[in-house]
Every structure is written in structure tokens, then in C-alpha cells.
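Next, two complexes with subunit A in common: one pairs it with subunit B, the other with subunit C.
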Partner chain A sequence: MTLTLDPTSTAAQALPPTTKRRVRGVGRDPSVAIIVAVVVAVLLLLLGLPMSKLVMAAFSDEGLVVFTGLFTNPANLRVVGNTMLLGLLVGVCGTLVGFLFAFAQVRLKFRGKRLLHLLALVPVVAPPFAVATATITLFGRSGVVTSTLLGLNTDVYGLGGLVFVLTLSFSPVAYMNLKGMLENLDPSLDEAASDLGASKARIFFTVTLPMLAPGIAGSFLLLFVEGIADLANPLVLGGDYTVLSTRAYIAVTGEFNVQAGAAYSILLIVPALLVFLVQRYWTGKKQVTSVTGKPSGRAELITAPALRIPVLALVAAWVVVTITVYTTVVAGGFLKVPGVNNEFTLDHFRFVLAGIGSKAMLDTTVMALIAAPTAGVLGMLIAWLVVRKLGRFAGVLDFVGMLGLAVPGTVLGIGYAVAFLVPTEIFGFQILPPLAGGAAALGGGLAIVMVYITRSLPPGQRAGVAALAQINPAIDEASTSLGASGATTFRKVTLPLIHSAFATGITLATARAMTTLSPIVFLTTPGIKIMTSQILAEVDAGRFGNAFAYCALLVTIVLAIIGLINLLLRKVIFRGLLRH
Partner chain B sequence: MVSSVTDTTIPAAAAGIADIDAARLTLRGLSKRYSTDPSVAAAVESIDLDIEPGEFITLLGPSGCGKTSTLRMIAGFETLTDGAIELDGVDIAGMPPNRRPMSMVFQSYALFPHLSVRDNVSYGLKLKRMSARRIAEDVDGILAIMNLSGLADRAPHQLSGGQQQRVALARALVMRPKVLLFDEPLSNLDAKLRVQMRHEIRLLQRRLGITSIFVTHDQDEAMTMSDRIVVMSKGRIEQVGAPSEVYRRPASMFVADFIGRANFLDADVEEVHGDGTATAAVLGDSLRVPAHPDVVVGDTAQLLVRPESVRLSTGAAERSDRVTGDVGRVLNTVFYGSTVEYEIETDSGNLIASVADPVADDVLELQSVAHVRVESSRAWLLPDRS
Partner chain C sequence: MRSHAMATAAAFGGAALILAGCSSSSSSDSDSGGGSLTVLCTVQEDQCQQVMDTFTAEEGITARYVRMSAGEAVARMNASKANPEFDVVYGGGADNHVASAEFGLLEPYVSPNADVIPDEFKDADGLWTGIYWGMFGFCANTDVLDDIGAEVPQSWNDLLDPIFAGNIAMAHPATSGTAYQAMWSQVELNDGDEDAALEYFGDLHSNILQYTKSGSGPGQMAGRGEIAVGLIFAHDCVKFINEGFTNLETIYPEEGATFEVGAVSLIKDAAHPDAAKQFIDWALTPVAQEIGVATGNYQVPTNPDAEVTDDMVDRDDVAVLDYDIAEAGAARDELTKRFDAEVAPQPKE
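Our next item is the complex of A and B:
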């Protein structure tokens, strides 16, 4: 993931943003009004319809029974409690791990910083259930480490295992957040404190930590939401520990009660949306500070052993665990029964490549390749409208586009199931046939592509907004002043300047679409095979070797596509350079 | 020093763009309101201005005075709420900006970062569908004039600030615009380069005889470059005039205060003469000074005295150490090298006096007293309420 382009490093030079210029009104340009109408219609179909149907289902008679039961029925109450506890622990542990890594990376003196950075980011690339499966192999009842090496009889299923796996999977988010903040802290603040007689420890507690408070709180909230919304890991590793997402999954797939599933999942939206809003508020504020305050230098790296040794020891220990887990994922695909019978075999890969696996690979790749460019184009259009064309409603459109990221996958999947398994009707008139399910057109593939688009729209949109916001409107005006029409300006100036952001958007979209599971499990049909849900099936059946092989192939495909896009991009850039 | 710089950077061979035909630009009742709420003041309120062909006009004023809105309306980036813009007698207010025969030089230069210098400069010519040979000729010509020939294949980010500024200017000039518009183009340059670019732009503009409108909040720029300065405040024109006129004969207290440095002394008008002068009591003396036409007898008025028009002498002061009438006390001294400035306390108020070419021995000491005299022909009497 690190090889994808940072949206801020686009070709656009860092011109000072001009605040006093207002964007043009929509009314003046009919083509803009048409584009707005199309974008709004698409967003309504992708997000508006499923979400409103979900809410309606949750508050239907059947849904209300479950919904009220959530707070009265002790069993359901425990599910809610479980979910909150899991989110809380994942938030605390993940933020702590992320902070340790970030602190070591930015502030401590040691060799191998680049390597540590890469290792900290490894979990981003792999599908999360790979970690869960590897954890069972390593630390489960007959785990390699716990049973074979240590002779313990432990149970990894449940809260402890979940917290471990989710912390491992999501701590990179906290790491990236806090690393950025630590690097942007003005070292002159430390120097000022030191100058006034504060010790290193005192500086840490009275300057560094308070300055990081928003970042720490933000990371905690983000991980909290990831923790409560995750479906894959609780399914694999939850055991008796039921959370809202697994409960909703069981309701839909086991009890065939979509209304109940909607009621369970709707509880997940509230905290997710709250965190999303808080995040937006903070990012908005952060942009202001990043313009005014540039770090005036590098802080002196800490060499004091009292701090260095314990922090580095903890980091090293976590690194060892990470490496062990991911080695297991990679190696597991080549072992007969990973952890039990460690004989080398290619059977798993043969199974995956020769059996249903090849169809799953093809289906997944094809659908991701349809969805990713669509999401990329849609994201750029929304970004263009948000930054350049819409004044007052820009915030609303931006918000709706980003919802695909904020709404938990489970919720989205159930929303799609509610909305698209049946024909869409308005006032009794059918306007759309069913889009999901085996009986729908294209074997229900349309709904899956739509979910892919919804899930992968936000990264591209964000990259586009960041790139466009960096381009001074005066550049557009210069082109106009030299005689170019609006369309010419977009083609000859705007597009070349944001095309790398566009590529970044597509890259992220592809990766996100292909590794997504939670909305997909509600929409798969016999006719369409998706790799992530196949992995889940293999894990369920206890065929871990096959699951590992799937994971390895999935990551390979994702990396290949990312590499290909980057290669194409570089080729375009090189050609551009040679021309001049 | 300055002239040698400009002479080398702009060779006489301005052949490529010599055939610019200067245009007359007339603004009639030009107004801009951003809000429909009538209680919100207009950004630009009924501006009337007649700009001669080949004239260099500066719109000067503090931020928010409407100068940029006016320029952007002329360029076509803002729609007018009311009024007309006439180019050689033809109203162009409804013409889209890309059709107007004008070019703009932006504060941020707004060079296309993905295009080389050559491609930046030829951008507009290509849109005109000119032949490749003509484009190459014109671009080479203007690059030579702007002393950029060696940099044609560089990317904008490889250039210094001054070079970027030249590219922006070349890109605008190569279009042979009838009117050249400048939106604070020098504000991103460092002080020394800014002074150099002022002279380069002015020299080039004179040579090409191109009608130019230059927006700035820097009065030095306005004073040194313009044929006429338009001083604006709160969306209205305060005064239009040549730099010396605006400096010596400001139409209002605002202009007097905004342009240059000003001392205001309380004055009682004793007599108004027919020749544009008036006699006023100031600094314990009766002075006959040039006066604003609105000054009337019996009014309290303000006498504008520029710091360099205040004369100090120590000889007279030895007779008295009290601050009365024309005797003042030195509160502060600042040595600038070419001048020394004093803050003098008098019973008509504190005033700033600037003495040129000071020698260290002559500099007055703090708290010493000095005789203060005003160069009456250089003063200007303004009505209090203006």
C-alpha cells in the first residue's frame, strides 16, 4: 500500500489557496447542472435507497421486535455489551501499539527505521481474516506455539483472541495518524520547554502528550468503530462471543430474517457516523494549521536508555509477533495441515486454481476492474463539483460520497440485501428489477459491483478533493484569460493536474474492493464467486491451507494491479518529461 | 543601477509584439454586490473611469476596497451587478472572459505546472489555431524580450520567482492583448526583485504602448509605475490623479493618510484666497498654504505636512526650552542611513520630521528642543470632515 501515491504529492504545485474567491454558481452552466443531477441520482441508487430501506426495515414490525429486544432481552443486551467492550479494548490496545511504533519511529534513535515502517504497515495489505486464521493455527487449541511448543491448553476463541487480531489488523491506522502528528509537532516547543527547565519526561507529559491528544482520541475512535463493525474476524474467531455484526449475519443468513438483521446492524451506524463527523471536523481544522505552521526543524532524537530500551523492547516483541503471524499466512498455503502436519504440498494452490477458486479469482478481478474505474471517475466528478462548482451544497455532496467509508460493511450489505433482493417500486410502480440474488440479472453481480463502487468511492474522492484543493483557481482563470473555454480548460489543465490523484484513487479503490468481505457475504449467489467469501467458506470448513492459499493469491492479484497502475502512470509521466 | 539592469534585460528588438494596438477602456457605473441584502455594502459602488489608450492605471487601496473585484469584472471573472465596460466604445460586459482581448498576470503567476515555459507561453496562441511557425516565432520573440530564451524547456518549478514572473508576463504579452491586467503581480517577490520588476514592467509597457491596469495595495508600486493612480476605499473611488497630485494634493484625509506618511496639524482657517490658497493658524503662526477647494473660513481644518517638509532648527530653540508655538521637543529618533526621523512633540500634536542625508554629529538628542517650521508651499489644507 505504501507504493501508492500520496494524494498530496500530485503534480499540482503548492500554491497558496485563495480564500476570497468564491466558486461559480451552478446556475450559469447547464452542463454542470446535468452532471450534478446524474451524480445525485447515482448516489441515491448506491447509498440513499439501501440506507433508507434498511432504516425502514429496522423500524418495521418484525424489526421493532428485535430492536426493542436489544435493550430488554438479557441475551441481546449481552451482545450489545460484548460489542462495546470489544470496540473499547481494540481502541485502547490499537492506539497504544500505534503510538509505541510512531513514537519509536519519530523520536527514538535506532537503526532500521525504514524496515520498521514497512513492518508496521504490513497488516494493511493482507485481508484481516488471514490474521485470524493464522492466529488459530499458532495459538489455538492445537496451536503451534501454545500447544506444540509450550504445551499449554489455551482457548484463543473469544474476546482475547479477537482483541489481539483486531489490534494487529488496525493498529497501522493509529500508527500512521500519530506518526504524522508527531512529525508535525514543532520541535521548538520542546526546546522552549527544555529551555524553561523541564526534564525530558516532564516535556513528554506536559507538551508532547497534550499536543497529541486529538490524534490519540481520533485514533481511538476510529479503531473503536473498526472494532465494533468488523464481521470477518468475529465470525472466524468469535466462538461463543457474539457481537452485533455476527448476530446480524446469523439473522440474515441463518434465520432468513432480514428485518432482524437490519435492526441489529442499525445500532452500528450511530457510533460510526459520530466518529465520521468528528473526524471530518478535525481534518477540517488540521488543514488550517498545516498551512500556517511548518515544522522549523527536527527534534533531537532520544537516546536516553530509560526510555529507549523499554519502548524498543515492546516494539520488537510486537514486530516478532507480526512477522510470525504473516509468515504463517504465507507458509500456510504450502503446508498439508498448517500447524499439525507441516509437510510441503502444492495441493491447496492446486485446489484453488483448478477448482472454484479460479472462477472466484476471475469473478472478483473482473468485478473489481469494472467497479474501480467507475468509482474513480465518480470520485473525480464529485471532487470537481465539491471543490470548484458547488458553493453551499459542496459539503453535503462530499459527506454523502464519503458515507461509503463511514457506514460499516455489515450495515451496507444488509441494506443492499433489503433494497435489491426485491424489485424497487415507487407508488406501486416497479422502476427497477431485483439487482441482487441468484435470480437477478447477471446472477446478482450488479449488486456486488455496486457495493464495490460504494466502498471504493471515498478514497478516490478524497484524493481528488485534496489534489484539486491544492490547485489555485487562478490557474483555471489564467487558461480562461488566454482564450480557453471551460471544457478546454478542464481537458488541458485540470485533468493533467489531477490525473495522478485519479490513478491513486483507482489503485486504492481496487485494493479496497477486492479485500472487502462484510457487505459481500450478504449478496453472494451460486452464480458469482467472490474470493473473500470463498476464504470464509474454507475457514468455516476448517481447510486452513486452502484459505491461506486464497489469501496469498488475493494479495498477489491486488499487488499486481496496483503495480500495473503505477507502471502505467510512470510511463505517462516519463513520456511527458521526454516531450519537454 | 536600475536603468542598467532594465536596459540589458529588454533589448530594443521588441519586434514580435510591436503591433499591439492600444485600446481605450471606459467603466460606467460599474457596481458589484455579492449579497442581495441591501444592508450589506456593495463591493464596488458605481465606478466611473476613462482609461486612455496606452495609459498605465493603478488601482490602489487597502484590502477589501474593491480594486480586485473591479479588475476581475474587467477581465470577466466576475459578473457585473450594474454598469458597463466599454472597450473602444463597444460594451463587453456580457462577453465571456475567454473572448475578451485582454490578458491577465496573476498574483500567484498561475503558470501551468505540467507545461514547460515554452508550452506555457504558446498555450493561448495554440488556442488561436495559429500556424506552428508563427507560434514558434512569436514565442521566441517574447522569450528573447523577457530574457528567458535559455529557459524555454524548463518546468515552472525549476525557475526562480523573478523568472516565473517574467514567464507569466510573457504568456500574457504574447497574446497581443488590447488591455493588460495585473493582479498584484509583484507581491510574491522579495523586496529588491520587486523594485527591479517594477521598472522592467513599466519600461516594457511604455515601449509597447499597451493599455494597462495594475492592482496593488503597495503605494510605492503605484507611485513609481503609474500614469494615473485610482485610490479606492470601501468600493468607491476616492481620487484619480497623477502620482504627484495624489501625493501633494490628496482629495481626502483617507487619501492623505493612505499615500505616503502624513502629519496632520490642527488648523483654524482664517482666510480663503481666490488662487487656491488659504491662510490658517497653525503652530502658533499664520501660514498661507495651498488648500482643498472645500475649505471655508471659520472651519477647523487639518494641515497635511509630509515628514520631509518639516524643517527643524536648533538655533531658535536655545532661546526657549518650553514647548509652545513652533517649539517642539524630540521624543524619539530613528536613524535610517539616508534619512533620520524624529518624533517631535508640539502643542499642535506630535509630528514626524524626516531629515535627509544626516551626519551623526548633527542628529538631535532625545528630549532636546527644536524650532519647527513647515514648508508652507508643500503643505495642503484639508477640511476636517473629508
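Our next item is the complex of A and C:
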């Protein structure tokens, strides 16, 4: 979920750009060639196959009906319009909230910065339905806050509720991007401007904001894509406001028309792809290598109350809302019928921990633990190949790796269902057995792990690319000129230097894998139970208490695993290899 | 170092070969000598689990299941048609089974235990056999009714009263068989006139807050006090009441409503057809059908010998509309499209 954009530094600090170096021919280093082959094969399996099957299904007869009907059928046109509007609003609101938090964190002087940082990041580990169901309980027509406390009659279903929930869920992405950019801004330009007599406000609007423009635009685009790709929240909270993801879901599950579902999914991919292409173009223009990557100084923290008070007030208000929502999620599991009958009960936790619930916890955790390190390693490998080894094809490989995030979850799920529920054949020869569904090897778990890896790969890859871009390739070349092969250099030289990016990558991969829902919906099997699809079933049946209990447990497990992985990486694996 | 890389590559290659060599059927069986069975189960999760456990204990065949909604089940079966993952589909309205049959996904099987099941609850060709049935009705929140000053609606006509503006919810007929029951009830009440039925829903449209995606959504909304009346299956309303939504009331409309029949079917080209047939036989027995009420589901069992409790609807007390399930299933696609085009997009007054 965190796609840290490559930091743009000012010209004052740039070393000569070194990305387009003469790369060592891949053919001269067989270990690198093998790695490339393996990575390409894996990506073909994870992404190439499902996507091509999906496109074939979308352009079959039933799918073409959707495309042609796009301009003749007003219902379809309305759905597309709804989706774009939602994306726009989520992009704007999410970026705004993220910017406020980032600005407060980096530029304002106050106590409790660590706490704010943690609170800003809370939504990252939240399961898909948690916020939506809590919002209904709190702010619905008979919500605890709106009806009981304030006496209002608000309809939280529809565009308003969706924008609120999606902003809450995705603003950490904007926050992390903008925080990184603000921290990397060279304050010497600010100081030059104020030496020339500009007021703080003038500096902000004429110097700071323009330098942040790529970051703000990048965040907006990212949130736009995340907003239109989400399935869980529009299902629960959308009401009559149908968007492309729910339309695709209905096409598959209500009309039994997978091809139409594929067609709607393709419509979702187009804006997502555009976003990533634009982002690559923008950030590719300015790139700077420096081993440490820190600016020459820190901007002085602002203490003027005229600025501090409003900003901090807004930030505090949002924090209160966030805390209320997430407390409801955790507490809701202990209430008999949350919002209606607030008796304390342990029944929901008993339901969740016994029987299916415990199996779901075990299965989900095991598969996430298999997928996350794999995604982390794969991401690092791809990042290394892209930044260091591949000349012309670097862009293509980078792009394919990012498809796991660019392609909306529903789309991926349908693609996997279409591709892997049946054996894969070329010219009549079966090269792969079915990998998904009850008839598959390993109880269909393989397809689910693959989906996890695909979805978790991009954050690690992005973090790796950003980290590697800051390291002078002369270090790598020193190693290879001493006789080490490409693979050894990667293992012993590069990896330790980017170990924190690796840790970040794995952390995000795990959080993402365990809370993903949309692709899993189409791949459930008898042998494997997934927590997020269990949560969907409980929300669907109206048993919010059970759903909240599941969510609370899921969050606990995710946090535990993240802590464990970080501990492991820092204390065990990288202990001997760290320079500091 | 080169040999190191070669070894890694060889390991990858070996793994790929092993995977390719695995055939689908041999690896999914991991059972004792009693045989195994995979069920596509569309009733509530806890009922699914108890059904499988009881069947395994009684018949000695290990039954595993996947739970998903009835609509998803049809889509899933269709997607893996060439290589069916499941042997039996258990639960879900008969209209879904009819749709599956039309996709060529089912195989006829007339169980010897089907003799006692009344004709209206089973398919003439044996493609599906009913295991439960339930009435469509209204689920009203008495507190909200007091707030808006309305009487408890007793008929379809009562629902059109402007006092209910923005206070009724039903599922969208395209996504849910539940809502389709409402549509077909209107068609039957108008002697088969589809235009008149759509006209009723056009009139009702201004009172509808939203068309939910899930079938039981309206009941939850009513339970939480967000609306006054939800249009759902009566047994779902009873279920909500027993789960703690105590201010709900179940209503069977005066003019009458249709009923859904939940069915069990044999899947074509199933991997374990004999075990599947044994499961279907067992599902029609009173013991199997009574698991429903044991897990808090109040549909009426189709087997006349199964126990009927007070929470279940009494056929003699309510107006039931008889209808041809096959006819309703065949008309579904077109009717829902017309609903989508003519009723749903209209502005609400």
C-alpha cells in the first residue's frame, strides 16, 4: 500500500544522474541470466497468465456486449461515472488529510510526534470491512453517534459514506509519501527565500508547494486508483451507488456472467494503468544518487500559533474520529448486537475461536507467512534487476511487477478464477494442473498464496527501487571487479545496504496479504478457510458482532507477525551484516 | 558460485516438473477408507458445518465443504465446468438450481427418499430435490414504526403508503433470489402480467431507501432501526429476532406471497458420484432436515416426518401463492433487466 515515490531533490544537491549507466551485459554473467529467467517465469505465472485469460474472456461475445453497451446503456455509463467521481473525491480528500498529517509531523513543533506517526498509520493493518461496519454502527441512521448522541437522521450509505471510509482507510498512503518528500526537501531554498524577505506563507505557496507538486499529484493518483479498485467497502456501504468493482462482482455472482465481469474489470484497469504510467514518467525525470540521501539540513519547526492551532486542531479531530472508529471495531466484538443490544458477551469470540474460526486463523496466517517473505525477496530481486542490471527492459519488468497493485483486486480474482480453476493447456498439452479451487493440488492453497504474493510484491519492489536508486553503483562494481558474481554481490553487498527497505517491504506485504479480500472471494476452497472471506460471510448475514471479533483478531495477528518479522530481520538475519 | 546458481535453477525446474506431474483428482483425496465427498454449501456457515459433521459421523464418508452464496455457487460451478471441483450442491433457492441445470451443470438423480417429498418441492426430471421451503414476507421494526407514526403494514398495498417514504428496503433482484421472489409474487398476484408487476415496483420505488446487494440486508437494516420495513424471507426475520433484534415483527402479506424451495442437486461429472448420491439420500431424511432449526434457521423441512417448530410458518395460517418454479426461473433474466432499466434509475420523490 505504501508506494514511496522516488524522492525528488533539488538541483542544489544533485550529483550527476547515474541511472542510465552502461550496464554489464546480462549475457556475460550467467547467474544473473538465470535469475532473470526465473523472475520472468514467476511473473508470467503470477500475472501474465491470469491477465491474458481475463482479456480473452473480456473480449469474448458476452464481454463485448458490455463494451458496446457502454455507450448505449445508460446504466453502464452511470456506473462508470460513479466510479470516476468516487475516485476523484477519495483522491482529493485522502491527499488533503495525508498532507495535513505529514505537514504537522514534519514542519510543526509539538509533543507526541511518535504517537501521531503511529496513529496516522493505524488504518494500514485494518481488515476490509472493519471501517465500513463500524461506520454504519456509529454514523448510520440509528448510529450511536448520529442518532443517539446527536439526534440526526443521516444516511451513511452511498457516496458520502464511501468517501469517508475510503479516505480513512487510504490516507496513510498519502501521509507516508508526503512525509518522505517533506523530509527530503532541502531547506536551503526556503532559507534563501526568507533571506530575500519573503514571508513564511509566501515561501510555503511559492517554494514548498511547487516542489511537492509531484508528490501531491502522485498521492492523488494513487488514492484515485485505490478508491476505484476497492470492493469490500462499496459492497457493504454503497447502497444504490454502484461502481465498477461492485458491478463486476454482481455480474459474476448474480448474473453468472464471468465474461461480463471480466469486461467491467478491464474498464477498471485502464485508469489504473494510466496512473502508473504517468507516475513513472514524472518521477523518472528527476533522480539523484547519494548513499545516505539526507538533505543538508532540517527546516526549522514552525511555532507560530496562527498556523499550529488550526492545523493541529484539524489533525486532532481526524485522529479522534479514527480512534472512535477503530475502538468500535475492537469493542464491537464484545457486544451482543453492536449498536442495538449493548450487553457484554464473549459469544462472538467463542464462535470465532472455535471450529471454523481457528482454522481460518491458522490457514490465513500460514499462507501469509509463506507469501510475505517470498514477495519481499522477489521484490528485492526485481528492484535490483531493474535498477542495476537490465538496460532496456528495466521499464517493462518494473511495470509488470507493479501490475499486482495496479490491477484491482476483483479483476485479479476473476483473472485467477478464469485461469486456474481449470488445467492450463497449450496446443492441447497440459502444462499446469488446476491451481485453484477444490480440485487443485494442495487444496487450492497454491492459487491463494500466488494471489497474496502478487498483491504484496509492489510495495516491496517500490521500496527496493527507491532504496537502490540512492546507492552509488560504484559499490556494486567494486564487488564485481573483485571477482564476485552478480548473485553474490546481491547477497553480500546490496541486500545489507537496503535491509530496511526489505523489512518495510515484508511488513507491508504481510499486512496487505492478510487483509486482502477482493481476489480471494472467487478462490475459496474446502480445504482452506480465509479470515477475510469469513468476515464477509458474517457481515453478509448481519452478524456484526462476529465480524468485529474476527477483525480484532486479524489485527492482533497482523501486528504480531509484523513485530516478529521485524525482530527476526534485525536481530537474526542481518545482525552480522550491518555496518552500523 | 556458478554451481550454486545452477543448483538453485535446477531446484526450481524440478519443482515445476513435479507440479506439472500432479494430476488433479489424485491429490485432493486425503481420507480414510470410507471415501470422501466435496459439497458446495449455500446455507449458513454453522449449518453447513453441522450438516457435514453429522453426515460424516453417520455415514462414514468424509464430507468437506465450501460455503458461498447461492449466486456465487452457480458462477463457480460454471467456471470450473470442465473439471468440477464439487460433487453436490446443497441449499440455495430452486431458481439457482434451474439456472445451473440450464448451464448443463447438473445431473438428474431421483432418490428413493424423494418419494415422501411433495411434488411441488421437487423437480419433475430429478434435477433438484427440495430440502426446505420458506415464505417471503415483511420484517418490520416496531420502534421505527412508532417514530414515523405508521401502522404495521399487513399487505403489499399497505407498503405503497407515502408514510413509508425512504423507510423500506429490499434486495436488488439481479443479485439476490430473495428479491426476485418479491417480483414474482407480484407477477402471480397480477395473473402473470409482468407489466403490472413492474408498475407496482415503480410505485414502490419512492418508498425504497436502497436496493441492497445481499438478500438479508434489508432485515439487518430493519433490525438496526435504519428503516421501518425490510422485504426478506420470513424465516430470516425470525432468525434476526432470535439473535437479539427484539423489536422486529414478522408479517405475511395478506394478498399472499410466493415461497422459495431450497434444494440439493447432483453435479454433473462429479468426482465421487456414489458418495454424492448417498449424501442426497441422507439430506432428504428428517434427521438431516432438522439440523436447520438446531442451528437457528427456520425454514420448513420438506420431509413431512421432520419436526416443525412454532417459529416456522404454518401453511394453513398464511396466504401462499402457488407458482411454477421453472417458469419463474426462465423469466428471471429478462424481468431483472427490465427492472434495472425501467424501475431502478427513476428519481425518487
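Operating definition for what follows: the second predicted complex is superposed on the first by the 438 of 580 C-alpha atoms of A that agree within 3 Å, B and C clash if a C-alpha of one lies under 4 Å from a C-alpha of the other, contacts with A are read in each partner's own complex, and residues count from 1 in each chain.
Here is the rule we go by: a contact is a pair of C-beta atoms (placed from the backbone, for glycine too) under 8 Å apart; a residue touches a chain by one contact, two chains touch by 3 or more.
In this text, all values refer to a predicted model and were calculated from it rather than measured experimentally.
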| item | value |
| --- | --- |
| Touching partner for A:187 - first (subunit B), second (subunit C), both, neither | neither |
| First, second, both or neither for A:472, with subunit B first and subunit C second | first |
| Subunit B versus subunit C as contact partner of A:563, first or second or both or neither | neither |
| Touched subunit A residues, subunit B compared with subunit C | C |
| Which superposed partner A:395 touches (first subunit B, second subunit C, both, neither) | neither |
| Touched partner set for A:493, first subunit B, second subunit C, both or neither | first |
| A:210 touches, of subunit B and subunit C: first, second, both or neither? | neither |
| Touching partner for A:310 - first (subunit B), second (subunit C), both, neither | neither |
| First (subunit B), second (subunit C), both or neither touched by A:484 | both |
| Residues on subunit A lying within both footprints (that of subunit B and that of subunit C) | 484-485, 488 |
| Subunit A contact footprint on subunit C (complex, rising order) | 1-2, 4-6, 8-9, 12, 19-20, 22-25, 27-28, 38-39, 44-45, 49, 64-69, 71-72, 74-76, 78-80, 82-86, 99, 103, 172, 174-176, 209-214, 216-217, 219-220, 223-227, 240, 243-246, 271, 333, 340-341, 344-345 |
| Subunit B residues within the subunit A interface of the complex | 34, 68, 75-77, 96-99, 102-104, 106-108, 110-116, 119, 123-124, 127-128, 153, 155-157, 171-172, 175, 181 |
| Complex interface listing, subunit A residues touching subunit C | 30-31, 34-35, 37-38, 41, 74-75, 78, 136-137, 140-142, 147, 155, 157-158, 235, 238-240, 246, 250, 252-256, 258, 336-337, 339-341, 355-356, 417-418, 421-423, 430-434, 437-443, 484-485, 487-488, 521-522, 524-527, 534, 537, 540-543 |
| Sites on subunit A touched by subunit B in the complex | 11-13, 15-16, 18, 20, 22, 472, 474-475, 477-485, 488, 492-493, 496-497, 576, 580 |
